[in-house]
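In what comes next, chain A is part of two complexes: it sits with chain B in the first one and with chain C in the second one.
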Partner chain A sequence: MSRFLVRRLLQAVVSILGVMALIFFLQRLSGDPVLLLVSEGASQQAIDALRSNLGFDRPMLVQFADYMTDLARLDLGQSVVQQVPVAEIIKSRLPYTIWLAGVALLLALGIGAPLGVFMAMRRNHPLSKLGMGFVLAGQSLPTFWSGVILILLFAVTLGWLPTSGARAAESVILPAFCLSLLSMATFARVTRTAVLDELSKPYIRAARAKGLSLGQAVRRHALRNSAIPVISIAALEIANLLSGAVIVETVFAWPGLGQLTIQSIAARDFPIVQAIVLLGAFVSILLNLAADLLYSAVDPRIRLEGRT
Partner chain B sequence: MTGSSRLRRWLPPRLWIFVAILAVLVLAALLAPLIAPQNPEAQNLLGRQRPPGTELRDITYLLGSDELGRDLLSRLIYGARVSLTVAALSVLVSGTIGTALGMIAAWLGGWIGTIIMRLVDIVLSVPAILLAIITVAILGPGFINVIAVLAFTRWPRYARVAYGQTLGLMNLPYVRLSRFMGASTPRVLLRHILPNIIGPIMVVVTLEFGLMVLFEAGLSFLGLGVQPPTPSWGAILSTGRNYVTTAWWIAVFPGLFLFLLILSVNVLGDHVRDVVEGRR
Partner chain C sequence: MRLVTRTLFAALFAATTTLAGPLAALADAERLVIDLVDEPTSLDPHLQWNPDSYYVYRNIFDNLLTRDDEGEIIPQIATEWEQVSDTETVFTIRDDVTFHDGSPLTAEDVVYSVKRITDPEFGSPQLSQFESITNAEVLEDGRVKLTTATGYPALFAQLVKLSIVPKAIVEEMGREAFNLAPVGSGPYKFDSWQRGVEVSLVRNDDYWGDAGAFPAAVFRAVPDASTRVANLTSGASDLVVGMDPDLAAQLEAADGVSPVSALTERVAYLNVNRNKPGLDDPRLRKAIAHAIDRELLVEGLLGGFDNPVGQMLTPAHVGWIEGLEGVPYDPDAARALIAEVGEPATRPFSFATSPVFDQRIVQALQQMLGEVGLTVNIEMTDMATYLQKSQSPPEQAPDLGFGRWSCACQDADGVLYPLLHSSSSWSRVHDDDLDNLLESARSEMDPDRRQELYGQIHEWIAEEVPQVPLYQAAIIYGASDNLEWTPTPNESLFLNRMGWSE
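On to the complex of A and B.
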């Protein structure tokens, strides 16, 4: 186990370093990185001053070493527009995104997983057919469209919920629901497959033969075993929810990191964009790691494969 | 077996509706100048935000008009061009680069192979939409750049499949024999490996296509994609959002088209995967 753990951790570290390098070189691809860091219409003198100030006139490798050291010290630089440390800006927005993604995850799991169990138990029930339709549609639904439809329906027409912003407590409902739809469909599909898999196994038939009803057999035996794939999918879905937030936050004017990303691009505030992408990559690598470890913790067969 | 039952086996009737939707959208894109009722960029300030079905001086706005009085249906028909062209080209570019790099990584192995496959891991570890956004932020928006960005973000998907498939094939007797007989590396890869891995690659293509449509629309929605006045579904939807209380159709119809396109591609893609994997 420990060897697998070390190998997997090393892999994650390499990935994180690689992402940092990737973004550094992408920035250089644009030709002049200074142009990414100045506001529009800056004078040539200001650009030159900034170039030597930030050391962009030094050799590439020196710049790269500096950049990596700064990141290692968690120094994400200064916002070009607001002249405030990037870390501070991110800290003020992060809670909104966590709140949004958290509620979305609860909705996705809370509705998706039971729906999946139901669809596995009652395969021919009309509701299951409807559920399969939802799974199919949910995976093809652009959030920027479903968001507009939700606003049109629940905010504009019915007037039940606020259209956008994060002022009231109930403001989170529409964006979180919109964000959760794709994951909900995924959870429903994965849970259904997992439960169906378990239901076809001999131990369930034995339990049924002993006289357990389908519901009892599922509750007492199948659920626990089918939870494994669902749990490891959950870690990956958190990463999807966080990156999906970029669009959903824009649709609902939700003041989290996603909205900040788009605002920063519009304001040409590149250090913020870079920091958010690094953060996103970091979180997603960690969640992938968590999913793998979780999987190998519950299913020893994977651990053995990792050792070879 | 009769023709119709063979058709039913390869393409079950429940999928016909999706083929039909896809065919209509592809035809609309191809024939846009012939079938669009109006010029998609012709503004009519007297006919702004007219609801679907409005008739105004010999012009019927079947799906209504937008905030500048442009015919929404015509804009959506031209928008299909943008969606499908961007998706097709980015799949083509990323598929070609990814497949080539994957085959090379497997064939050469060693440090070149390691570097390529590490790069695959790294690019795939950044959430795709974030990577696309930062690349657009660097390169700037626009038609060509969107394709470049999508190709750059997605090639590792193909590389991974090509790598695994090539590894499985390269030690088979017929491949070794052809090397023995003096075939050059490009010849072995193109003539003997590629034809045998194209099935799994096509599966990735069909699964990626819908995603590329979604990404293009998403980037355009965020203002990072194809720039106005070129009609892109994502951009039209984004503008329509500002008029959702007064003119719901501007935002609803482009999204509906988008949804139908992605749904059809995904359903048919799943079917292609089942057929390819079932045959192997």
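On to the complex of A and C.
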């Protein structure tokens, strides 16, 4: 177990360093943000003054060395555009994204998984067919469209929920639902397949023969055994929720990291983009690790030492 | 598993209680809600240059001068000014202005503001707007003298954007803290800034000038245009920016809200790079100018909000000559000229654009040029790369490019000098006679003579076609019908010029 952890953590450090170097140089390949910052027709003297003020006139390797040194001191640098420490900006945005993705995950799992179980148990029920239709729709609707439709229906026409922003507690409902649609469909589909798979196994037949009803057999035996694929999908889905947040946050003016990512890339605010990528790399590595650990918790037959 | 679920719930609950603010108070006469595209990048008036920032901070800070709703330059912090020589102007400073902390605004603060923004070490993105000022000093009688390198009649047009910051407070707080909690002397005071969400201002009840009608105002960041429309129509906001003709039609159809538009001082144009093969022939450039139907662009695509122009300026600029039509739309003449040019006109021409611009216009231009027999390939890149291409040496720059130019000064010098003078990195033109004309016009203190010089420059442009002027761009807002407000060409949202009627 511990050898496994050490190896995984070392791998993580190497991949994070690689990601950081890649993002640092990729961004700078196509120039710097100075021309976006100055007013139109700025004289070359004014452009040069700002470029040197922001440090973009230094050789790229020097900039990289500076960046890595600061990073080693846990200093993420200062936003080029906003002139505020990056850590503060991330700190103010992160809770919104966690909150949005958390609610979306709960909705996706809370609606998607039971729907999947139902569709597995009652394959020919008309509601199951409706459920499949819902799954298909959830997977095919682009969020920039479904988001606007949700706003028009629930906020403008019915007036039940706020149109956008994050002023009130209920503001999260529409963006979270919109964000959860795709994952909800995935959970429903995966759960359905996993439960169907379990139901076809001999031990379920034995349980049914013993006199358990279908519902009892599913609750007592099949559910836990079909959890493994759902857990591994969940780890992937959290990553999907975070990247899906980029569009949903923009449509709903939700002040999370997704919106910040888009804006910072467009404005070439390199230090913020770097910090978000760093954070993303951390999160996806941690999620994968957590999923591996959860496997062994759910299924003791899986030995972590045996997996590399 | 149960523990995990319980922790998750606890975390979510904690998040709800921290994030849940009071219920969204609906916009009304007490509190004006304005939806911008993005939050301000900074509220230090000297540290950025973008509309979402100046929409907000122009209410917190006063400028040395300002423009009234008719566009005339009028006093603000300076009550009067006297041109003591071509290069020196002396300003009398109001003595009844206080900053929001109660300290008086003095001539020292004015001089400090000028020196701060013109210091290359400070790195202000607005530096080039004030670069002509070489010195600022307080005179013995308490007035302020600004010195420019040469005569510079556009100085006043630039000074309407010079925000006066309090020297003592800026020096005490430091750059970072001042940016987060700015203190000015304007009609509204900074109240709070919820990162990524909104900036709140409250009325300055001790303001020396016209007080605002609204006790409070909120500027929110709403990046998606359809969401801004939804906010406005549902009453969650009173004024939204960044509408286009299609959204304006939606607003037209909705109850209680309307599109409100103004013609700005932005001129849209087609750049023609005369340093590239084929385009070095003036006949081909003239043919390109003849091929463009500006009226059709404006009526067919822009919903009639914009205004076709035949000069590289707009009627909102000093230097605009009434009645000068430029090169007329004449596709037959264009075809004839292209036939004369022959083989060099047959190569494909690259046409640079960026997603920031209206792509329908770019495609329409491509089609218009195609109809007279030219092959044009659109090359779309992000804005930063597009700007870099515009700055690259003329021989490497794209053949054609779409642009929308604003000098935010409403003076011909801010448009024509950077685009045409050989010393400017934005210019693709190298012509000694034109350079002389631009330099004379920049420093000519006699308004009539200056106007004549710009007339000659417009004629040069119509003859040589370094650019094809297209239209004066409109800015379209969406507003509640209760809001009383006249938008102006300088794209400002002055809260103390807005009113409310039930």
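Definition applied: the second predicted complex is superposed on the first by the 246 of 308 C-alpha atoms of A that agree within 3 Å, B and C clash if a C-alpha of one lies under 4 Å from a C-alpha of the other, contacts with A are read in each partner's own complex, and residues count from 1 in each chain.
Operating definition for what follows: a residue touches a chain if its C-beta (ideal position, glycine included) is under 8 Å from a C-beta of that chain, and two chains touch if they have at least 3 such contacts.
Please read all numbers here as calculations on a predicted model, not as lab measurements.
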item: First (chain B), second (chain C), both or neither touched by A:V273; value: first
item: Partner chain in contact with A:R167 - chain B first, chain C second, else both or neither; value: second
item: Dominant contact partner of chain A by residue count, chain C or chain B; value: C
item: Partner chain in contact with A:L141 - chain B first, chain C second, else both or neither; value: first
item: Partner chain(s) touched by A:I285 [first = chain B, second = chain C, both, neither]; value: first
item: First, second, both or neither for A:V6, with chain B first and chain C second; value: neither
item: Touching partner for A:A65 - first (chain B), second (chain C), both, neither; value: neither
item: Partner chain(s) touched by A:V14 [first = chain B, second = chain C, both, neither]; value: first
item: A:Q263 touches, of chain B and chain C: first, second, both or neither?; value: second
item: Chain B versus chain C as contact partner of A:L127, first or second or both or neither; value: neither
item: Contact residues of chain A, present in both the chain B and the chain C interface; value: 30, 36, 144, 148, 151-152, 156, 250-251, 262, 266
item: Of chain C, residues touching chain A in the complex; value: 1, 8, 11-12, 15-16, 18-24, 38, 41-42, 44, 47-49, 120-129, 131, 175-176, 179-180, 194-198, 220-224, 226-227, 230-231, 233-234, 236, 382-385, 387-388, 391, 405-408, 414-415, 417-419, 424-426
item: Contact set on chain B toward chain A in their complex; value: 118-119, 121-123, 125-131, 133-139, 210, 214, 217-218, 221-224, 234, 237-238, 240-241, 244-245, 248, 251-252, 254-256, 258-259, 262-263, 266-267
item: For the chain A and chain C complex, residues of the former touching the latter; value: 30-33, 35-47, 49-50, 52-54, 81-85, 89, 92-93, 95-96, 98-99, 102-103, 106, 144, 148, 151-152, 155-156, 159, 162-169, 171-172, 250-253, 255-256, 259-260, 262-263, 266-268, 297-298
item: Touching residues on chain A, where the partner in the complex is chain B; value: 11, 14-15, 18-19, 22-23, 26-27, 29-30, 36, 136-137, 139-142, 144-146, 148-149, 151-152, 156, 239-240, 242-244, 246-247, 250-251, 261-262, 265-266, 270, 273-274, 276-277, 280-281, 284-285, 288
